[in-house]
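Common to both upcoming complexes is chain A, partnered first by chain B, then by chain C.
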Partner chain A sequence: MCPMIEFTNFRHNPGIDPAMHIWGWEIPVYLFLGGLVAGLMILAGFRLLIMRPNERQAMVCCTVGPLLGLALLSVGMLTLFLDLEHKLYVWRLYLTFEPTSPMSWGSWILLLVYPALLANALAHLPEALPVVARRLPVLVTISDYMLARPRIVISTGLANIGIGVALGIYTGILLGALGARPLWSSAVLGPLFLFSGLSTAAALLHGILVLTTPDAERPEFADFLLSMLSRWSQARPLDTRIAPTLAQADNSFLTIELALLGLLLIGHLSSTAVHQQAAWLLLTGPYAAVFWVGVIGLGILIPLSLQHLELQHRIRHTIAPAILVLTGGLVLRFVLVAAGQASHWAPMLD
Partner chain B sequence: MRYIMVIDTKRCVGCMDCVVACKTENNVPEGYNRDWITETVRGEFPTLQMEIRTERCNHCDHPPCVHCCPTGASHVHDRGGVVLVTKDECIGCKACLAACPYDARFIHPDGYADKCTFCLHRVEKGQLPACVSVCPTHCMHFGDADDPLSDVSRLLASRPHHTLLPEAGTRPRIYYLT
Partner chain C sequence: MNAPFFKYGLFGDEMSLVVAFGIGIAFGFFLERAGFGNARKLAAQFYFRDLRVLKVMFTAIITAMVGSFLLARFGFLDLSLVYLTPTFLGPQIVGGLILGVGFIIGGYCPGTSCVSAATGRIDGMVYLAGMIGGLLGFAEVYPRIEHLVKLTPLGQVTLAEQFNLPYGLLVFAVVLMAFGAFVAAEWAEGRIGGKAPDADSLLTPARKFGPARKFAAVLIALGLVAAFSGSPYRTALAQVDTRQLALEAGTKADHVMPAELADWIIEGRNDYLLVDVREPAEFAAYHIPGAINVPLAELKQDFARRNERIVFYSDGGIHAAQAWFLIRALGFPSVYMLFGGLEEWHDTVLNPAAPPADAPAKDQVDFARRVAVAGYFGGSPRRAEGPALAAPAPAAALPKLAPPPPAAPPVTKPATPAKKKKKEGC
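This part shows the complex of A and B:
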């Protein structure tokens, strides 16, 4: 007969027992949107830097991306606010800076994201939304002022890249710093969430370009939506020629994300018993089906293959990879937040 | 000054008087616990060993709950290094709950993170924490570990003891005599 260890706990605190469940849908959605916005910032910053500053065009990376980023970040911050249990005291975040707290860093970084994204969007806004620019001539003045001064353009691009990297890594470190949950206890989570954010951002922009291609190639269901939008905004055609570049970038990001996921699991499997137990939650445990099917299969491998075929001109560019990558990114946050809460340091019960 | 608690597992019978005393003293809401009882049975039948423990926040020397708090609501008090939460500074983000390897914290129904305070309000008046003062088997001891003549220092010097999850690196300040 084997030696036994039987552990009985008479504590029944809500949210803690029998298994920790303190974070529901709000935090995964916030982490997903934070990563997506970080990716949009980095791509916007790069695009702004590598193009000629005086070139005028309605660009998906530099105008649509940042404008979407502003909206998505606001939604993300709303979900973060909804998760707080002591909502009326949220202003306390901005009365202090706690250097050891990733959440404190994050709350201050989020304040920098808005002006950086807005500056990036304003540089070429009159081209993307002419009707808005006509009603608010100051937007044209700001755009002219920025584009006439390459230093401002370069600073805006660099600021977006820097703050985007900080935001993307922060969403991973937020969990990685909580060493009491073995699954999260890894420095790989920072770059993993950053590259996942980049892949979702590239996929989103690629999807937008597919939807806005010339009539003959555009999916039929997008016609009505686009006609409404273009009538309202009088937007000019986007720079659809960079669609292959975005698909190629997305494939690179997905490959790096896959490698980082492998490193996370290898790191845990070669560590202590509690870390191994945490890794098995994803590999064969209760979260395995969602992890393998939702994250690895549908979220990474299938869009990777589809975009590879698109780049080789074997199939048309479609929005399928974008939908899959975005869904996979969201599922990755959900599964890591849920499995992380289920992992623990409590005595090993064989 | 470094307040610690020493619990004699050879004397603890799991009567839960400490749990009731804590709830009464600190108005802990119904359905929540700042302290609790655990039982661990080890070995091979019929030579089994049972350890009954009363557990609570370990007031760690390296408290991860304090390090991750974004507002400074979780802090180490000057008196005895007790880990406390200022409820009017807590935003209820739950990072401290996730950071605690002992799952010793919970969200109070009013929205802030709550946990054992070592009954600092009593200690400042020269009294013992409520749980210690009511223990019918006198298995719980509270005092200053920096004072070599205190009960807790002498017990730790004379008896084998362990802490919970020392591998988590938090340096807990509740010791269990075995």
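This part shows the complex of A and C:
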């Protein structure tokens, strides 16, 4: 029925272009979780470094954050594994180190994240979760050993910050290294994903603090669940004095993220025609609604103004900004991955 | 600048969603300022303790009503292009009851639940999650209950048409009704709810002319102006600007290519009205799927709603062009004609010609796609020169194509198989 077109080469063969759209939900979810964990690491490392001896209660940043980070990173690596075509060959990534390959850097950084996060969590675990420490006395030994040696604490904090920055930037470089997709070929993607990760991490910790703060309007079942949890873990109440600091930090991260997004788009708009086309995909094209509403509006501007009002004591601290920032970070990864795959160098067959 | 902005093409489909987001945020902000993020305040209206929901909503209705009437009267807004939701009496009563039950149980209506969630209230978030779940569930079962949802259709109804009253008079009547409702609400709040009247209440003796009274006086005055200012709809004669029509006719902006129309039909788009202006007998013999038949002689101002996107076609191009000019002159803003008419439809969609063997690869790929489209419409391709591959004479084969029933919706087939076909290579 159809004439012979075997002689076609380049992109005229209709079987080629659709095959380039190969990344589904796994990669954006991994990029989001990777950025979130990077943010949690940096905040945890920072908190560990600046903590004074008399304020040991750094539970939300230094214990809850790293423990959550370990769980979230495992989920993220699972999605990465699901995306692999040849799942059984995953171990081969760890037989070599290629300095020119972002994938190789990433797989080794991901391995380093686990011990760093674990060390950070262990430093204050016994005082934060006494019930766990009583069952496993070795945790007390480790914690005492670390806390008695300031050098170990300082190097743990620095390692968390350093590896966190590397992880956050690497998630952006991973996309940026693929020059075939003009939307991604920008060095701004690295810092953009780093600061987006930091803002989601600060928002997550702020949300956890707000959720556990006593509140008259909270439904009774939530109170019941929280009291069950605290009775079981015998944990001390979280240090809510840090909530305004986290909200403030989150606002700074969101502002920087907004500026970096602007830089990314300006960079593309002042570049070649294919880059401009890629930027218009987000600005007015098929991804415009998701980009402006999901990323800029709901993901950055609304939480920014809500947290600003919170810091001015005009409204209560609520979990609404946390939910919005987390959703916005996820949508940012989805829209950049999808629009990036839609942008290409030869827009002849549109 | 003429409104409605979307209908006049100020922004496209994607940007309209961004604009909608901005309007939604502003709406939510004012709802929050009115105290509607709090379920206790919302529920108070059912006990007559606080009827501010009624007051705010009625104020919004009459402000928008007077405002859009006057804007239309002064020529900034074309009211006939504003979308009116069609009325399906029975299903809408049932839907209203479900909404009311949800309102009483949950303490929110859809808009206020978003406000409540944004202010961090957990009950609002639970309500919002339930609402989104309900939306998804409704979308899933919609194909099965579509016939129920479309029972008792009354079309696009307006109060003025229903009561056969002049529009302006109706606007004034609604303004008066709203103020009657405000007074009744304040009376009920005092008598049944036991609430002390506000300082600025409409019921207390007027010693001071406070802001509420000033606002009320302005609205009543504007309503009175509306009552005597005639119809807000533009007359057909005022629209004809022959020079502009001539300029438009000179461009190709009013054409829809047959291949484009074929894509619309396959995609299942329903945002246009395809009109066959040939005689009923010809229409019965063959027509493009989804078309309605309005012979050229029967084209009148009320043959369709003015905010439809209308595509005319005839055998060649002449009758469609005449229809285009007639309807465009009657002030319909988005009117198109099928380029080349049915003849072009046959040549490019139903029986696309195969490119010569030495044509560039792009043409070959393009042809493969058009073959799939032709298959969808029951046609078949022909060689570069000579008769069609399957049917010897295209003209004779055409009437045999089974025409779908005239009232059938534009697309009866889901779009996915067709899309699959499109991607098929060799």
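The definition used in the following text is that the second predicted complex is superposed on the first by the 313 of 350 C-alpha atoms of A that agree within 3 Å, B and C clash if a C-alpha of one lies under 4 Å from a C-alpha of the other, contacts with A are read in each partner's own complex, and residues count from 1 in each chain.
Operating definition for what follows: a contact is a pair of C-beta atoms (placed from the backbone, for glycine too) under 8 Å apart; a residue touches a chain by one contact, two chains touch by 3 or more.
If you're wondering where the values come from, they're calculated on a predicted model, not measured in any experiment.
With both structures placed on the common chain, the touch criterion links A:Ala180 to chain B but leaves chain C unconnected.
By the touch criterion defined above, A:Leu95 lies against chain B but remains apart from chain C after alignment on the C-alpha atoms of chain A. Touch criterion met: A:Trp345 reaches chain B, while chain C stays clear of it. Of the two partner chains placed by superposition, only chain C is touched by A:Gly297; chain B is not.
When both complexes are overlaid on chain A, the residue A:Leu84 reaches chain B alone and has no touch with chain C.
Of the two partner chains, neither chain B nor chain C is touched by A:Tyr114. Which of chain B and chain C touches more residues of chain A is settled by the count: it is B.
Overlap of the chain B and chain C interfaces on chain A comprises residues 1-9, 12-15. Within the complex formed with chain A, the residues of chain C that make contact are 12, 14-15, 17-18, 21-22, 25, 117-123, 125, 354, 357, 361-362, 364-365, 367-369, 371, 423-426. Chain A meets chain C in the complex at residues 1-9, 12-15, 18, 210, 217-219, 222, 284-286, 288-289, 292-293, 297, 302, 306, 315-320, 323, 348-349. Contacts from chain A toward chain B in the complex involve residues 1-17, 20, 22-23, 83-87, 89-90, 92-93, 95-96, 98, 100-104, 106-107, 177-181, 272, 341, 344-345, 347. For chain B in complex with chain A, the residues that touch the partner chain are 14, 16, 19, 31-33, 36-45, 48, 55, 64, 67-73, 87-95, 97-101, 103, 105-107, 110-112, 165, 167-169.
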